[in-house]
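Each of the next two complexes has chain A plus one more chain, namely chain B in the first and chain C in the second.
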Partner chain A sequence: MLTSEEALKVAKLANLRLVGDEVAEMVRKLSGVLDHINQLNKLDTTEVPPTSHVLDMGNVFRPDAVTEHFDHKLSLDNAPARSRGYFSVPRIIE
Partner chain B sequence: MTAASDFSGDTAASLSRRISSGETSSVNAVQKALERIARLEPRIKAFIKVENDDALEEARRADERIAKGERLPLLGVPVAVKDNMLMENRVATCASKILENFRAPYSATAVKKLRAAGAVILGKTNMDEFAMGSSTENSAFGPTRNPWNVETVPGGSSGGSAAAVAAGYCPISLGSDTGGSIRQPAAFCGVVGLKPTYGRVSRFGLVAFASSLDQIGPFGKTVEDVALAMNAIGGYDKMDSTSVDRPMPDLSEALKKDVKNFVVGLPREYFVEGVAPEVRKAVQGAADALAREGARIEEISLPHTEYAIAVYYVIATAEASSNLARYDGVKYGHRSGGGEGLEGMYSFSRTEGFGPEVRRRIMLGTYVLSSGYYDAYYLKAQKVRTLILNDFREAFKKCRVILTPTTPTPPFKFGEKTADPLQMYLSDIFTISTNLAGIPGICVPGGLSSEGLPIGVQMMAGHFDEESLITAAAAYERTRSFPSPKI
Partner chain C sequence: MKYEPVIGLEVHVQLNTASKIFCGCSTRFGDEPNANTCPICVGMPGVLPVLNREVVEKAVRAAVATNCEVAPYSRWARKNYFYPDLPKGYQISMYELPLAVGGRLEVVVDGKPKTLRIHRIHMEEDAGKLVHGENLGDPAHSYVDLNRAGVPLIEIVSEADMRSSAEAKAYMEKLKSILEYLEVSDCNMEEGSMRVDVNISVRPAGQEKFGTRAEVKNMNSFRNMQKAIEYEMARQSELLDEGGRVVQESRLWDANRNVTVSMRSKEEAHDYRYFPEPDLVPLLVGAEWVERAKKSLPELPDAKRQRFVSSYSIPLYDAEVLTADKPVADYFERTVQAGADPKTASNWIMTEILRVLKERGSELGRPPISPEMLAELLKMIRDGVISGKMAKDVFAEMEATGKNPADVVREKGLVQISDESAIEKSIDEILAANPEQVAGYKGGKTKLMGFFVGEVMKATKGKANPAVVNKILSKKLSS
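== the complex of A and B ==
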């Protein structure tokens, strides 16, 4: 079903590390679930529209106006690293 | 202390009356609840965090309000909240290492509304990490144990909230239900659990798992308590764009109605191989009871039932992979010291912070959304979701409520289903369709197995018809008695 190469590619897309025995374990467990999912192919759905939302709702709009919001301190309170009032991340540009 | 000297036998309705009448105080009720928690938690582990001081302070304020003559449906009543709902300035871990030190900057609407109805929040309950699981075995902080038998799981993902009510800590708690996470633990713990219609309760401040399926709902010992809690938390909220702007009916009124003109559907696809005979018997017992109350029982068909799990594990994981992309170690949550550069920091932080089941679901969701697989998996699943929704639309033309088992078996033992994820997923086979269709579902205790473990029966109704669910569930509840666990 799923190959080791595919699993490694998906892990990269998902920003997850997959190393050593974890690759085979992931392939085995996901393949079992994908086998089950493949039973959907028994159904002909050519004429069936997809459902992304169960209720008949359109877009919801509000006026573009400032309302309740977090202040600077509250926004940064949970940050694992901050510097001079900003979120701090590892260097991106050399 | 004996059971009689605390309030573990009380419902929210009876406790609220005792507090309001001055027979006891909120401080006394909360104090007794905290003592019971301190005594039983080493065995049950329903909570991630108990807020002793805050709860007592809130109880004192409730007593002051009562002294001034204020009356509210839940004033002074202790409750518990699942740890994926935000309470301002309190931890909200989602039972994950990645949020272990996260403090919520605001409160969920459902939490605010529960407090506005007077409830006193004792603390945050245990769950499967990010609500992904059916046993609480995926909690990063260890599993909750079933108060009926500590060798068996309480169900999940809202296992802590279900166990808190079953253990008599508090008469009401809140959970969330994405594929059965309220109803399945309600069945396993022998309590009532309601998943409302999608859009009925605001999801603002609920940590997102699968946004088109997630819904907050209450647990209680009785249908009446669940109706009271639902009255408190339901209704439109402008902070959630999927919350629906229509009036919330008073569900207390629905309790008083009878089922005389009800047609109750029994879908033949829910009585298949793999359903334990004791579970069938409980559902048949409920059907017979409703028939004696005047309902007409009819066999119906929901032909696409067998595809529900496959659809769910595409849609739920796809949505989860998007929702959980936000945990990158930048604005909040765990940041790893390992890894090279920004990308390395992301992947080390996520891999260290998420448990194995969460990582698997992110992987599956990323795969089904990835280029080349989107049509084959995600679009296909959305189309079959339409077929499942249409099954229910057809069924509700013929019947008012649908009666089914909640789970195929009574509660299972720890470790029984952890080796193979699919086996764990299959324990939600009867609850998942409800979320895919967005309709409400309730689980009511339906009896005990030969081993003395609870068995639940499930009822479903059409969109926004919580009233029929409450009427049918209460009518059934009145026909039978159900014990409390001996702990």
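== the complex of A and C ==
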């Protein structure tokens, strides 16, 4: 069982704010996922090659060509704030 | 107590492809903000990255040129963190199964050869660029330009093999030189196409175990990297001497104050929760690909240096300087091919040509003075048309105007007087006008030779061939 501290840490890393009952709910759901993984861990997989990807293929490439299928001005259109062609965000302090 | 530094370097290099690593946007530098963006590199939901083959091609070349073992099977991973320059909330990188491992660079530091090992090389996408508000009007905001987001990078991680700032510099110089030879990157530290992070710890001399390290970022030149390393060595040694301990943290180099400062804001972010990138299939670089990459390598700096020593009989030091930059090496070879003596060409290139390049900050791609022009100038010295001293003046004029040396010599009336009868006439006049000095010289004041040479040069406006002047003067004065 996950602790609520662990759940809150994961939430923070994921940029999620959990309030009230959400913490307990997340503890329950994440613990369920971990229980499932632990169940899988009990299987003997020494003879099974690791799966990196569900598709049994590799080397999907595109050529190094500049393509413009898209008006870049649309990039900014969904931004909550923009200015002079830039996305505008709260000040980042370094 | 005496401490020894243990240094490892993480170098990020932008690969010079035309398009980004996972989408068809241009990688051009200096465009309008966000002009080179699309749904993939701004991180819209539901889009799919597709790998640019040329990125792999260039990364594999870099890996084989640095003696790395290219993995037959590698895999992409998501590195998760939140920062406004990273639109997806993760960076597509490689983690458990990188492209290549186990390389090495051979360097020479203080005349001693040393092997510096490379731990791994992996590919990843660059993040965007943040502009702070005060530079754009509103100090309460930061502004994001995603033109750089998705530009292909390779990260080259060294082993912690370096024991001084000079060794770190030698590693960087050799790496930059190789990557420039390969033409896979511009390697411009000021523009950020080559960036270095330094991992540094100190330990009491003789101790085996490594100390706690700090990571230093934000150095935009080799000089600043060396200064940052030396600052950290002093800071950490002092801390330990005072009974304190070094904290594992990221620090930022402040080039204005010449200090490193703690980056508290990044401390919590180190839990990246890497996991395999489901949007990209594995990468399989087979033996055939690696073989092809090896065959396609140009002559690399180490091999070129050896060849310069054996084919042109120039000193090892000269060869080292000339081969550090491929354009300079090419310039040297073209000058020699145009008929110049290799050692004379080397002397002129290491002094005058490198000085011009440094002053102008210009690339040799557009040479201010072509190798053929330099060879012609050197030929005029060899043939006695002009003296070495005149040649410096001719060179300065060539540098300023781009004119041919022969034209400069003609226009300035600089042609050297080698005609013995003309010089002899001038010498006779000077000896006749200075009987006291002649007597003095004959009485043993041989240093007066300089006075006579000076007078002849003055009389001929510096045009007399010094070798001829010396010869005739010696003859006349000893008779």
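Simple rule for what comes next: the second predicted complex is superposed on the first by the 81 of 94 C-alpha atoms of A that agree within 3 Å, B and C clash if a C-alpha of one lies under 4 Å from a C-alpha of the other, contacts with A are read in each partner's own complex, and residues count from 1 in each chain.
FYI, a contact is a pair of C-beta atoms (placed from the backbone, for glycine too) under 8 Å apart; a residue touches a chain by one contact, two chains touch by 3 or more.
Predicted model only: the values in this text are computed from it and were never measured.
Novice: Report for A:92: first if it touches chain B alone, second if chain C alone, otherwise both or neither.
Specialist: In the superposed model, A:92 contacts both chain B and chain C.
Novice: Considering only touches as defined above, state whether A:13 meets chain B (first), chain C (second), both or neither.
Specialist: both
Novice: If we overlay the two complexes on their shared chain A, which of chain B and chain C does A:84 touch? Say first, second, both or neither.
Specialist: The answer is second: A:84 touches chain C but not chain B.
Novice: First (chain B), second (chain C), both or neither: which does A:72 touch?
Specialist: second
Novice: Could you say whether A:63 touches chain B, chain C, both of them, or neither, answering first, second, both or neither?
Specialist: Touch status of A:63: second partner only.
Novice: Using the touch criterion from the header, give the chain among chain B and chain C with more contacted residues in chain A.
Specialist: Comparing touch counts on chain A for chain B and chain C gives B.
Novice: Quick check on the output: what are the common chain A residues between the chain B footprint and the chain C footprint?
Specialist: Touching chain B and chain C on chain A: residues 13-15, 52-55, 57, 60, 62, 70, 75, 78, 81, 87, 89-92.
Novice: Over in the complex, which chain A residues touch chain C? Could you list them?
Specialist: Those residues of chain A that touch chain C are 13-15, 52-55, 57-70, 72, 75-76, 78, 81, 83-94.
Novice: Can you list the chain A residues touching chain B in their complex?
Specialist: Interface residues on chain A, with respect to chain B: 2, 6-7, 9-11, 13-17, 26, 29-30, 32-34, 36-41, 43, 45, 48-55, 57, 60, 62, 70, 74-75, 77-81, 87, 89-92.
Novice: Which part of chain B faces chain A closely enough to touch in the complex?
Specialist: 101-103, 105-106, 198-199, 212, 238, 241-242, 244, 304, 306-307, 309-311, 313-314, 321, 325, 328-335, 341-348, 350-351, 354, 359-360, 362-364, 366-367, 370, 377, 379-387, 389, 420-422, 425, 436-438, 463
Novice: Write out the stretch or stretches of chain C touching chain A in their complex.
Specialist: Chain C reaches chain A through residues 17-19, 24-26, 32-39, 42, 44, 50-56, 73, 75, 80, 82-84, 89, 97, 130-133, 136-146, 252, 263, 265, 271, 273, 276, 278, 280-284.
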